[in-house]
Amino acid sequence: MTDTTIKVDMLARVEGEGAFKVVVREGKIVGTEFRIFEPPRFFEAFLRGRDHSEAPDITARICGICPVAYQMSSVQAMEMALGVEVSQPIKNLRRLLYCGEWIESHILHAAMLHAPDFLGYASAIDMANDGHADAVKLALDYKKIGNSIVTLVGGREIHPINVKVGGWWKAPKKRDMMKLREDLLRALDMADAFVDFTAALPFPDKERDYTMVCIEEPNGRYPMYEGTRLISNRGMDIPATAFNDHFDEHHVKQSNALQGRMKAGGAYLTGPLPRYNLAYDKLSERAKAAAERSGLGREVKNPYRSIVVRAVESLFAVEEAIRLIEDYEEFDPAAMEITPRAGTGMGASEAPRGMLFHQYTLEEDGSIAKAQIVPPTAQNQPSIEEDLAELIADELDRPHDEIQWLCEQTIRNYDPCISCATHFLDLTIDRG
Amino acid sequence: MHAPDPHTDPMLPVIARITRRTRELSDVVTFEMEVEGWPGFEPGQFNMLAVFGVGEIPISISGPVSDSSKIIHTIRDVGPVSRALAALEPGAVLGLRGPYGAPWPVKAARGRDVVVVAGGLGLAPVRPILYELMENRDAYGKITLLYGARSPSEILFREELGAWRSRLDMGVEVTVDRAPEDWHGHVGVVTALLRAADFAPANTTAFVCGPEIMIRFAANGLTDLGVAATDIHLSMERNMQCGIGLCGHCQLGPYFLCKDGPVFDWATMKPLMRIKEL
Amino acid sequence: MTGRPRLAVWKFSSCDGCQLSLLDCEDEVLAVAGAIEIAYFPEATRREDDGGHYDISFVEGSVTTPHEAEAIKDIRARSTTVITLGACATSGGIQALKNGASTKDFIDAVYAHPEFIDTLDTATPISDHVKVDFELRGCPISKTHLIELIAATLAGRAPQTPAHATCIECKMAGHVCVMVAEGKPCLGPVTHAGCGALCPGYARGCYGCFGPKETPNTAALSARLAENGADRRQIRRLYSTYNTNAPAFREEAKAHD
Amino acid sequence: MIDAQGLDALIAALASDGREVFGPVRREGAVVYEEISSSDDLPKGWADEQSGGHYRLRQEGDAFFGATLGPQGWKRLLHPPKQVLWRTEGAGEETKIIPEPLDTTRRAFIGARACDLAAIAAQDKVLTEGPYRDPQYAARRANLFIVAVNCTRSAETCFCTSMNTGPKATKGYDIALTELEGGRFLAEAASEAGAAQLAALPSRPATADDEGAAAAGIDRARDQQRRIDTDGLPALLKDRPDHPRWSEVAQRCLNCANCTMVCPTCFCTTVDEVTSLEGPETERVNRWASCFTVDFSHVHGGAVRPGAKSRYRQWMTHKLATWVDQFGEMGCVGCGRCISWCPVGIDITEEAAAIRKGGG
């Protein structure tokens, strides 16, 4: 198999539609292409002229998997543009909502979409039917608890309705929060068990030296909700407002998504690995212990181990949620007063699959003049293509379907969210 | 007659078991059921039949009053519940509440001429009348059955109609809206048959059942011939959820069709049926 | 349908939220997988479309590209029952905001190389292209509705997804009307029930994500919104969101241009 | 005469009698009926302001029962929005029908107004006094203790006087209170249970002054109301089904069904079949229905009342006319909820007056 094309026209178990192609000539990979054919949906265009208050609900519709991320980045951007500083209780409740999405989305991806790759199944349902029913049920119960955070705080799992520029529509009842706390306390053991489940999966022994980028929070907490600075493992440390000075989006032919690159050149990685590597110290003791138990170490460069990192982050999110609930007191009014004005503001937060950047310019009446949304999967696209080239290079003598499987598994390391990226996936290995 | 027991829950069905099922037409079946402690019924009454997991609907009883060992229903498959009912096989169980509703005042017509006008599936709810008339033939005057179907292939109870028709003591006329070449009977609306029928209007009781539009034409035709509006009885249909006057759906003006009807006289219905969308 | 019905889940232009709802039914998803054969569902399984016939096709998303316009015809031809999931598939979704606007301007606003983009000028509901047997409303659909739809389909009964106003659910839930008690604009009176009146339960007006209800009197509602202080632009925006291309909402938005 | 302590003692006594005690509570900008544990839960110092499609609470005075009617009456407790009728177990020929246990919870309502009592009586007639009765409703009613409060202030939307239902409670209660200034109540018992409860409370006899103040308060409430002319109204409404006003109101009516949901006498229900994916068990569940929906009149082939006009006409004619044929009284008690809680403020008294005027 010296000249071939490995190609998948419809990548499965990802959110949205994408394809990929790996072109092999004389036994060497000469090209990789990660294509997003999810149709373009033009959010940035139709946000123009809408009211600032509409952004959290409208941008949530970019992605049904991580709507909370869209809401969190957009409200922060709007609040900056409008010169509003929201209170700590408002921020805490947002972080809690985010914990819910992290748990829900991470477990969905890790257990339902990615784990079948490691174990050789077409789907989690096949996994459940073939002796892994307990693991799948555990994951479902666990995921449900994540969803119940989003449901209580946000109103519903998908496209929550309670998030508002300036704060919230309504602060949940302490009584309901305390009920949720009971569920979360139960989830702690599930969370540990889930880390152990992922740690026991067989991992390809491969590493890459990525440029890793994530947000940094002003309060010294593990990166999630409030990205005031952007940092990297190569020493970058910039205010988040300088995003556009350091990062660029390119339009390439094969994709309906723009691709993000560093202006200084090169692909970069965003998501669980960067967060873990750059903010390990900020994890809770129990999360660190779980990481250690699973042999992750202080530094993770094997992208296939991102599934374990997701499990560790989820454990962290459970603990964080418990902490936030215990500190919670009902507050009224639920939102800050907003006075429309002209301005520009940005918001950067960590969606489960990576950094999500929003920037808006507002007119005097508070309507949107310009919107820029840079989703994580768009940023990760170049990195995905590089992974396909580098991580597959020494596997080319394996049978075609094994290579294809490995390619898919590699892409799924990213928990790529294609619906988001279109503003993503299909494998072709072209060997001539 | 079924006396409601205030101590029991009228919404709670009893289990009925299907003993026999006959296909009448491509979309119509008749089945017989048994139910323990069935109190019997009067012509024109209906049951609420429940297919577990699908739903519950009102269906008239189409069998003879005199045989209380079995309950007979004729059902047209028009939607989910009627479809599920029509698909039930002998041995199957269903939920039954009833019988409910005001009956056809058949016995009150003793000594008088009787005209029965039925359209389409409307023949099923009047069949108990016909059984009563024939079982007590001597008690009644002239008897006429006028039946209209859409086409010859949609004629319900074809064999029975034939048997009745061959009797010398009643007039039976059948008409169809649309006819193929080989149909030698009447073509046209059922009301057109009224004029030729033999009855003494002033001493006639009429029973009409079918689509609302047919009811209207038949009742008007009968009054034109001199039958008193109070002597024309018809059966009305509305959405029914409970069948016992608690759910409110079947109201028509001041009436709950389920408990005040479904059988009413024309004097009562005429002013109401004139009002659009009442 | 003898044996387990074969189900396919198809995606058109959308956010994936509606099909995700199926995976979000944590308590029921394994039962669903037991009761029906999930034959094609790329978001959840690697199994490929075998080109065969499906008893039920769930379709998410709206038609926005020439390729999609072709694909839906093939899906229809290979499905006994086509059920659309959510606002995109049922009315066009949020991306229908581009209908009426210049697509070129839109492409120019988002992409550096507009020539790479292949898209139609409109985002249209599935029912504009093929016969649809049942439409599930919502942006996103309600999980309860989805399970109800599957349970009802398996039981052979009509699913209980009434087309009446969100207000009925609002009152049944015991919420206090935000329009009457607070003067907040609410689309509940013209919006199809199904969410359980979530928004009023969180002290905000309904923003219409389930689309127009049966016989929606949008003009009368707009008149009231105006009396309560909403300007024309606000009213237009209210109707122009996730069901912007649903006729009743589209016309009412247009009346406030 | 009792005071706030007496009221608390009453609440405590009712609770220790094994009852769930419900009363007015301020939530989400309105008064709603919820479980209370003491007079602290009551909306003391709040009064309501109501007009067509408009309701606000404002701080005023220091009365416990200063705010009149909230959006929903006691209906949701006696005739709840959803209830299971029965279920099945087993499949096929083995199917068994399992009745739903009766709701025998003992409840007490504190703060029911005269119109509320009339509305409960109206539902009693529909649901328990016909040939068939709703056993769940009957059970709830049989276990109910009512503490009425006479209105000394009316909302602008009230018209109980016209409907002969208030503002003073005359029947259908165990104890009636009239709130006087300073958190004092003139208490009267109308049942043995009520008398027994009253006798146990710390109280003092009422003076003529107290009684005069109570009567004056009730008169004041009477004077603050709007009126509807009910004279000959039923016949008139039934005779004018084609009055142009019906089409005119249909232009404004959202057919959102809020009026039927808030109306304390509206009783209609729809029955749903509930099945699960897990097993053959099924449930029959009954829920509030409204004549304002198209489905309400669905028969195979289409709805009987597809038009908004005929749906509004059905509702109003039922309330003010055909109810009299069915139950010997009007189906409207004059509470005005349908006026306040109609998002566009359609006013039954105004519509009735317009039809009376003729025209067209």
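Lettered A, B, C and D in written order, each chain numbered from 1.
Everything that follows uses one rule, which is that contacts are C-beta pairs under 8 Å (C-beta built on N, C-alpha and C of every residue); 3 or more make two chains touch, one makes a residue touch a chain.
Just so we're on the same page, UniProt names per chain: A = Ni/Fe hydrogenase subunit alpha; B, C = Oxidoreductase; D = 4Fe-4S ferredoxin.
Quantities reported herein were computed from a predicted structural model and do not represent experimental measurements.
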{"item": "B-D or B-C - the one linked by more C-beta pairs in contact", "value": "B-D"}
{"item": "Distance between the centres, which are taken as Cα means, of chain C and chain B, whole angstrom", "value": "43"}
{"item": "For chain A paired with chain D, centre-to-centre distance based on mean C-alpha positions, whole Å", "value": "51"}
{"item": "Euclidean distance of C-alpha centroids - chain A vs chain B, Å", "value": "65"}
{"item": "Chain B and chain D, separation of their C-alpha mean positions in angstrom", "value": "40"}
{"item": "Of all residues in chain A, the ones touching two or more other chains", "value": "none"}
{"item": "Sites on chain C at which at least two other chains make contact", "value": "155, 157, 203"}
{"item": "Residues of chain D engaged with two or more neighbouring chains", "value": "273, 275, 306"}
{"item": "Interchain contacts (touch definition) - all pairs", "value": "A-C, B-C, B-D, C-D"}
{"item": "Complex contact set, residues of chain B against chain C", "value": "53-55, 79-81, 83-84"}
{"item": "Interface residues, chain D side, partner chain C - complex", "value": "27-30, 32, 53-56, 71-72, 76, 81-82, 251-258, 261-262, 272-273, 275-278, 287-288, 290, 292-295, 306, 308, 340-341, 343-345"}
{"item": "Chain C-touching residues of chain A, taken from the complex the two chains share", "value": "10-17, 38-46, 48, 50-51, 54, 57-58, 61-65, 67, 104, 108, 112-113, 116, 122-126, 128, 136-137, 140-141, 143-144, 147, 155-159, 161-162, 164, 169-170, 249-253, 256, 258, 334, 408, 419, 423"}
{"item": "Contact footprint of chain A on chain C as seen in their complex", "value": "11-21, 23-24, 26-27, 29-30, 33, 38, 41-49, 64-65, 68, 93-95, 97-98, 101, 105-107, 109-113, 116-117, 119, 139-140, 143, 195, 198-199, 201-204, 207, 209, 234, 237, 241-242"}
{"item": "In the complex with chain B, residue positions of chain D that touch it", "value": "85-86, 88, 92-93, 95-97, 99, 126-127, 130-135, 238, 241-242, 267-271, 273, 275, 280, 282, 284, 286, 289, 291, 296-300, 304-307, 309-310, 314, 318, 321-322, 325-326"}
